[in-house]
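Next come the structures, one after another.
In the two complexes below, subunit A is the common chain; its partner is subunit B in one and subunit C in the other.
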Partner chain A sequence: MSGFLVTILVLHIFGGLVGMIFLTSYMLSLLKEDADLKKLSRISFYALLAFLGSWILGGYYYLTYYGKAVKPIITKGDFVWVHKIVMETKEHVFLFLPFLALSVFLVTFLLPGIMSKDKNLKTSVAFLAFIAQSIALLVAVFGIIISGAVGK
Partner chain B sequence: MNKEILAKSTVLSSAGIILVIFLMTVVSDLNAGFKAFLTSVFSHHWIGKSILSIVVFTLLLVLLYVIKPKISLVLSVWVLIISAGLFTFLTFAFFALETFGVL
Partner chain C sequence: MFLMIDWGLLLRILHIVGTAIGVGAATMLEVFSIYFGRDGKVDLMEHEVLRICVTMLRIGLVILAFSGFGLLVMWRLRLLGPDTFFAPRFMAKITILLILLSVAMLVNFRLINFKLGSAISTTSWYAALILGMWRKMEASYFLIMFVYLVFIGIVYFSLEYIRKIVARRQ
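The block that comes next holds the complex of A and B.
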């Protein structure tokens, strides 16, 4: 694998992890009594940018390298199910993340006044951030499993 | 621009697009014709799903903004939460069942 592709691969992982960190920070901060919604709006925007970046970089790696060089190794080995279940789920479930992050961002950005007063809305959006970062965590764990299958 | 309707439309469009992504995933896997169609138009089926998800999301967003959905924003957010959790599980279950020959 070329140095360029290694960089792309690392940056797509980094983007996903940064998105997760921002969403976790968002969720924990939102549950505070005196949550700063202007700041949280920025944090959720950064999470959205991180997932969009990871989408483009991960997509580039997947399209130019995974199918040609990684998939054949996995499908010829003892862990064919890793491609058929784990990779297939990862590449499709990842597509949910930018839309979840966009929803968290837009609700926070457009309605800070309503959010600061409506405890039910705050709780539901915090839970939305939680489910988004849980899916991102699942995708990250799936990535580790796929890397493990290549080495075996 | 009504900010609350825009926020609600975004949340509901996200719930809708998650369903659409799941359906595209299942149909392209079970129907070689659909997968070939995505590949021929977009060069790769995954690019096709990515681009179509953005296009359909935008259309849903405009449609819902015009319709002005009557359900509350809080309920819309819970619909999205359930949609995300459910279709993540169903995507995994679909590929697992297919791999083990159940489907």
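The block that comes next holds the complex of A and C.
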């Protein structure tokens, strides 16, 4: 793997982790009584940027390297299911992430007045952030499993 | 100069630092919450001390996550494959970290009893430490997870016992 692709892979993982940290911070702060929605809209924007960056870099790695260099190794080994089930699920589920993060950001950015009064809306947005976080975590675990299937 | 850094060594050091901060903060959080909770109320100063412990716990977790994923990238580039990634010790460690994260969320949203969450969190930090250090462990995934569950029970009841003793001395 070239140095450029290693950098892409590292930044893809780094972006995903940073996105998860921002989303966690968002969730932990949102349900507080004195939640600062201006700050939260900034945090959700950073989460969106991180996921978007990770999304683009991961997509580039997948399209230019995975198919021709990694997939053949996995499908020739004992862990064919890792490509057929785990990677296939990962590449589809991961498409949702930036859109979920975008939804969280838009609601927080455009409706702070309503959100501060409507507890149900706040809970729903927290739940949406929780779903995005769970998907991000699942994608990370899938990434570990896929890396594990690539041996000498 | 940038490329001459021994990334493997740096990441291992960070991983140990993250674990040390996490285990230390989890222990101190447990000690302080028992000590401060003996009179049934937590004042402003005590609340601040607990908040610092929680912040340190989160910092430990973040360092652990970043350095852990860094080490995984190095394993992937060295093509260490299933022997390393699907080793029972490593799979158990990942499972325990996922449990730790889930429990932290559940406690925050008050979806789980605080005392149980606290026992799971403390046990998980120590389990991650032990699994990280005990490199020659040869146990199956299910045995490791079974022992982990048993220890959650032991830690929970031990902490309850200590809470009673401390409250009685008040």
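General remarks:
Note that the second predicted complex is superposed on the first by the 151 of 152 C-alpha atoms of A that agree within 3 Å, B and C clash if a C-alpha of one lies under 4 Å from a C-alpha of the other, contacts with A are read in each partner's own complex, and residues count from 1 in each chain.
The rule is short, and it goes like this: a contact is a pair of C-beta atoms (placed from the backbone, for glycine too) under 8 Å apart; a residue touches a chain by one contact, two chains touch by 3 or more.
The structure displayed is predicted, hence computed values, not measured ones.
With subunit A as the common reference, the superposed partners subunit B and subunit C fit together side by side. The larger set of touched subunit A residues comes from B, when the choice is between subunit B and subunit C. Vertex at subunit A: the C-alpha centres of subunit B and subunit C lie 140° apart in angle, rounded to steps of 10. By the document's definition of touching, of the two partners only subunit B reaches A:Leu106; subunit C does not. Within the superposed three-chain model, A:Ala69 lies out of touch with both subunit B and subunit C [touch as defined at top]. Within the superposed three-chain model, A:Ala132 lies in touch with subunit B and out of touch with subunit C [touch as defined at top].
Applying the stated contact rule after C-alpha superposition, one finds that A:His92 touches subunit B and leaves subunit C untouched. After overlaying the two complexes on the shared chain, residue contacts for A:Met27 are found with subunit C alone; subunit B is out of touch.
When the two structures are aligned on their common chain, the gap between the nearest CA atoms of subunit B and subunit C comes to 16 Å. Common to the subunit B-facing and subunit C-facing surfaces of subunit A is no residue whatsoever. Within the complex formed with subunit A, the residues of subunit B that make contact are 3-4, 6-7, 10-11, 13-14, 17-18, 21-22, 25, 29, 44, 46-47, 49-50, 53, 57, 73-74, 77-78, 80-81, 84-85, 87-88, 91-92, 95-96, 98-99. For subunit A in complex with subunit B, the touching residues are 55, 59, 62-63, 81, 84-85, 88-89, 91-93, 95-96, 99-100, 102-103, 106-107, 110-111, 114, 118, 120-121, 124-125, 127-128, 131-132, 135, 138. Taken in their complex, subunit C has these residues touching subunit A: 62, 65-66, 69-70, 72-73, 75-77, 79-86, 94, 98, 101, 105, 108-109. Only residues 1, 6, 9-10, 13-14, 17, 21, 24, 27-28, 31, 77-79, 130, 137, 140-141, 144-145, 147-152 of subunit A touch subunit C when the two sit together in their complex.
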